[in-house]
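Right after this note come the structures.
Look for chain A in each of the two complexes below; its partner is chain B in the first and chain C in the second.
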Partner chain A sequence: MSGLNTIVINGLALALPLLIIAIGGIFSERSGIINLALEGLLGFGAFCGALFAYAAVTWHWFPANSLTPMYLSFVVAALGGAAFAVIHALLCVKLRANQVISGVVINILSLAATGFLTSQINMTVFGGPSSKFDLTVAPRYTVSLLAKIPIIGAAFARFYAFEVLIVVLVAIFWFILYRTRFGIHLRAAGDNPQALDAAGIEVTRVRFVAVLISGGLAGIGGMCFAYSIFGSFSSAVYAGYGFLAIAALIFGNWKIMPTLAACLLFGFAQSGANQLVLWLRMDSSVGDLAMIVPYALTLILLAFFSKHNRAPRSLGEIYDSSKR
Partner chain B sequence: MVHQHFKLVSNYTVAENIVLGAEPTRRLIGLAGYVDMRPVNAAIAELSERYGLSVDPTSVIEDLPVSTQQRVEILKMLYREAEILIFDEPTAMLTPQEIGYLLDIIATLRDSGKTILLITHKLEEIKQVADRCAILNHGKLIATMEMATSSTADMARRMVGREVIFEIDKAPARPGPVVLDVRGLVVENEHKVDVARDVSFQIHAGEIFAVAGVAGSGQVELADAIAGLSPVKSGTIQLSGRDITTAAVRQRTIGGISYIPEDRQDVGLILDFPLADNLASKSYFKPPFSHRGILRPEEFASYADDLIERYDIRCSNGAATLTRSMSGGNQQKAIVAREVEQDACLMIFVQPTRGLDIGAILAIRRRILEERDRGRAVLLVSLELDEILALADTIGVMFAGQMIKVAAADTLTREEVGEYMMGVKQS
Partner chain C sequence: MNKHEDAPVQIQLNWFLRFFGNERWQFATIPLLAIAASLIAITAIVGAMGVNPLNVFITFLQGAGWILKPAYAGGYGMFSDLSNTLTFFTPMLLAALGVTIAFRGGLFNIGISGQMLIAGFLASVIVGYSGLTAWVAKPLVLLIGVVAGAAVGGLIGFLKYRFNINEVVASIMLNYILQYSVSYFINTRFLDQISRQSKVVSPASMLVLSSVKLGGVNVSVPLVFLLAIALAIALQFFLKKTRLGYEIKAVGANRRAAEYAGIRVPRTIMLTMMISGGFAGLAGVSYYLGYLNCIQPGKLTSLGFDSIATALLGAAHPIGAIASSFLITTLNTGSTYMSSMMGVRAEIAQLVTGMILLFSACSAFFRWRIAVAKQRAEMRAAGTVAPGAEDA
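What follows is the complex of A and B.
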């Protein structure tokens, strides 16, 4: 397997989970609610999913080597992320709290709460001191016929099952955002909530649902990382991918397709940097430098693209139906 | 109801805005319902055609000029088959050509059987399209008249009706040299429409120059331009012989302009600051308030105590009172105190008594006369004709952005001023 193929394979395995998290962010922000809590939401979702999968394997709920616990863990992660997002939705939509502060605090809360719960549950329920839930790394698949195509073929080689799931979800949520009544209401809520209110649609309800969706999608994204890069759930899952997703959706101008491009760029930047370390036979202590690449790229792109960006017009504005 | 401020989603098409909340859906392979705009686009294009609105249902709102956005609001009501259409000051943001077009549309709607309620300040619009009109003055219904049988002069007279009179003694003016000299001033609003057009006048020391006009005639923009709050498009402003057309606000303040703005809470005061800080907010950078760049709070406090005493500002906690907690009348007294203490040669008062009780109104009107008698030039902008007639030495009437009449106050009658204000009479 050539290095180029590795870059594509690893790049996609990073870019697609990043994309589903970013789409979660898009749903929240297009409805007018700033969501800096993506990092915390993906962590909490991954915690719930990993707890479920770990329990299922430990207590033999399913036959040995069954993949069912893994698939179900994604459902649990989505529910967990959505449940944790209720905090953000309650604070920002119902109680009109400051959305930036709420998001930042939820990140810290999520990191602290899952860290505490993981050690406690390990100690009391599973009977062993550990600060993580060990999972296997998910199996990879190859469509051998398509994988033979040069370069593009790498996209069909050694992919995770969740990558397929994400492609399907992206199509579904693109349709919801741009082609359904709910999507129209959601985008209107982020531009001119007064107009939506005047049209007889409850703005708070639309925004509440939008924030829950963002939690669910972030949870799925977090679970993907737990099953790929980390192979476990621990506080290492909080590696900044939530913030990278926010950067991606901003470069993507709060639109799904451009955000896909931004995620691919970040994914390939990281896998490319990793490959470079291998080629140059760098020392592992220097190799960590490669981890900087996506973030450095973020800073550089920010400098160039920010001026072309247009955020949803009412993003971050607390909706007050009496104000005109 | 067509609001003065449109309720439109800026990144949606015209049609999407019109059906917002009641979008037509179709089933995709018998499953998910998706929104299908094609029938809506066709229906709206047809409506637009029928009433001569010329709106393309597929264009995006933010690309459209204000006048078209307004027609989208009209289409919204027509699409929902409204029978009664209410227009609240629909022409406030339009250019003269656009106004003519809108009035034509309103007439077309009337002819096709709709009921129209038009709320406006402008007599000419009523003359052009109305069948009947009701005149309101200070919340009271003065008269309901058939347009066919009433004269515009009669309407103008009723619109400016007299309020309860309370006299203030006023000594004759003793005008000195020219303080403010405005020539050919043109001011644009944020929509790039000229709201003050080719305005020229002079104010002398010891003279009250009052600008009369119905709301939105450009008088507030004129005052803002002189105070430096909005840029001048063309023309010149001279203060005591010096050109200040492009001077910064701070330079104008030091050069001798003090300004009592129309919106005392947004422009005049920082409501969450203590009273002392607000009273010193135009002089904090000068000694004794600041010494080598360091503020001296004790000077703020003693200055505030002095002003509270002399200007009778009622506040619960002296210099430390939170400005927001004070009544509107006392907030206004605080602004007047600050501005009078500037010792400026030109004082601009915009709607200085709006929303105040009679006691506070009298106090402020007396203060304006006192300042005149101390030899200051006063520019007074007011929508209250009574206030203008009670205080002015010279009256300038603005109509549709132009200063159409400037004359000594004692040569004009109330009715004449009213007719100029309504544009019935041209000089």
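What follows is the complex of A and C.
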């Protein structure tokens, strides 16, 4: 396998989970709720999913080597992320909290709660001192016919099952946001909530649902990382991907397709830089410098493109029906 | 409302509203409400695990050196633990002040950890590994800390007003960039092969006098502890009494209005972030060349993120930050001893912090509910309960 293929394969494995988290962020922010909590939500979702998968394997709920626990764990992760997002929704929509502060609080609480619960559950339920739930790394698939196409073919080689899931989900959520009544309500809640209210739609309910969706999608994204990069759940999952997703969606101007481009750019920058270190046979410590590339690139590109960025008009504002 | 003010009526508020409804003291009473709520929540969690919650709280205090433990190892005593707590308190307060000033200016400095790291790293490299004597080295360390932190903070402010880059995104990106570049330099030049951390800095450059004998026990003296307290008071004075402080608050309250009032908003944003970064830099040197004496490559300190919690708990008030720093520091340094005595995982300290924060985040809601309840009580006293006021 050539290095170029590796760049595409690893880049997609990073970019797609990032994209689904970012789409979660888009849903929340287009409805007018700033979501800095993505990091905490993806962590909590991954925690729930990993706990389920670990329990299922340990107690033989399914036949050995069955992939069912893995697939179900994504459902559990989505539910877990959405459940944790209830806190953010309550704080921001009902309790008039500062949305930035609420996001930071969720992140801290999520890291603390999952760290505490992982150790505690390992000790009391599974009977061993450990601060992580071991999972396997998900199997990879290749569509051999398509994989032979040069360069683009690498997208069909050695991909994870969840990458397919994400592509499907992206299409579904693109449709929901831009082609359904709910999507229009959601975008109106972020741009002109008073008008939405006047049209007889409850702004708070739309926003509440939007935040729950963002939690669910972030949970799925977190589970992807637990099954690919980490192969387990531990506090290492909180590696900053939630924040990267935020950067990607701001970079993508709160729209799904440009955000996809931002995520791909980010994924390929990371895998490309890593591959470069390998090619040039450089010392492993240079890997640290390669890690800088995607972040520096994002910052530089943001400097060029942020001028024309326009956030949803009512982003971060507590909805007050008496204001016009 | 105003109609009632010139005809004062005798209002009978219950004790709860009288205590929490006083706006002058709400900066202190509302956080107290948050702390009480989280202590109740933790009592329930620990109780459910079958551990006596009172003992948990006592061992926290014992571990942090506020009250006596039943037994000590030779050469150690309560003051050893307390001095350790105060050594940790110093960077915590300084970092929290950095978050506080940014908050007052309507900005969110989530990059405290990165600013701390670069300040600590530069001070270690320039002064910590040189043979300078203490009288030169220590002030120089402080100076490098302020300058390095302020430079990174200023860069974030610059990116914000010049390129419209959200300061949260910029600080996060810079955190990673700083983390990995410092890691690279430590791994290639300044690594201690045995500890896998950066080489230990010279005692002369440290902002702590370690292993001082006080009444037969080992204590460490945090040299900048008093400076940190003084800076908190100075920051309060700065925000309240100086022109720049007023401008920062005005920009924080309403950027558009501040602009119309003739305040140069870009300059103010830049200065706010520089001051915030400067505090973070001071926190960095007092952490890496004080509480610690080396840097672990590839990691940002969690203190930088905890300081956000501390500042929020202190209601973005410099004096409040002193009080909340004592609380959060106690939770942090007391957790190890608590864990070893009670068998409860040390991570619960983080959970307590998270809970306190969660309830602090609701403070606007508490304040609003209390105001509504007070208003209703006043109206009831005046005999003018508005129709439909019950669903407010």
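FYI, the second predicted complex is superposed on the first by the 324 of 324 C-alpha atoms of A that agree within 3 Å, B and C clash if a C-alpha of one lies under 4 Å from a C-alpha of the other, contacts with A are read in each partner's own complex, and residues count from 1 in each chain.
By definition in this document, contacts are C-beta pairs under 8 Å (C-beta built on N, C-alpha and C of every residue); 3 or more make two chains touch, one makes a residue touch a chain.
Predicted model, so just to flag it, every value in this text is computed and none were measured.
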Simultaneous placement of chain C and chain B on chain A, clash or fit: fit
First (chain B), second (chain C), both or neither touched by A:175: first
Chain C versus chain B, contacts on chain A by residue: C
Which of chain B and chain C A:276 touches, first, second, both or neither: neither
Chain B versus chain C as contact partner of A:199, first or second or both or neither: first
Partner chain in contact with A:289 - chain B first, chain C second, else both or neither: second
Touching partner for A:120 - first (chain B), second (chain C), both, neither: second
Contacts of A:188 with chain B and chain C, given as first, second, both or neither: first
Chain B versus chain C as contact partner of A:313, first or second or both or neither: first
After fitting on chain A: smallest Cα gap, chain B-chain C, Å: 6
Common ground on chain A, meaning residues reached by chain C in one complex and by chain B in the other: none
Residue numbers on chain A that touch chain C, as the complex places them: 36, 87, 91, 95-98, 100-102, 104-105, 108-109, 111-113, 115-116, 119-120, 123, 240, 243, 246-247, 250, 283, 285-286, 288-289, 291-292, 295-296, 298-299, 302-304, 306-307, 309
List of chain A residues in touch with chain B within their complex: 175, 179-181, 184-185, 187-188, 191-192, 194-196, 198-201, 313, 324
Touching residues (chain side chain B, partner chain A) in the complex: 3, 5, 7-12, 16-17, 20-23, 25, 32-35
Chain C residues within the chain A interface of the complex: 49, 108, 110, 159, 163-166, 168-170, 172-174, 176-177, 180-181, 183-184, 187-188, 298, 305-306, 308-309, 312, 345, 347-348, 350-351, 353-355, 357-358, 360-362, 364-365, 368
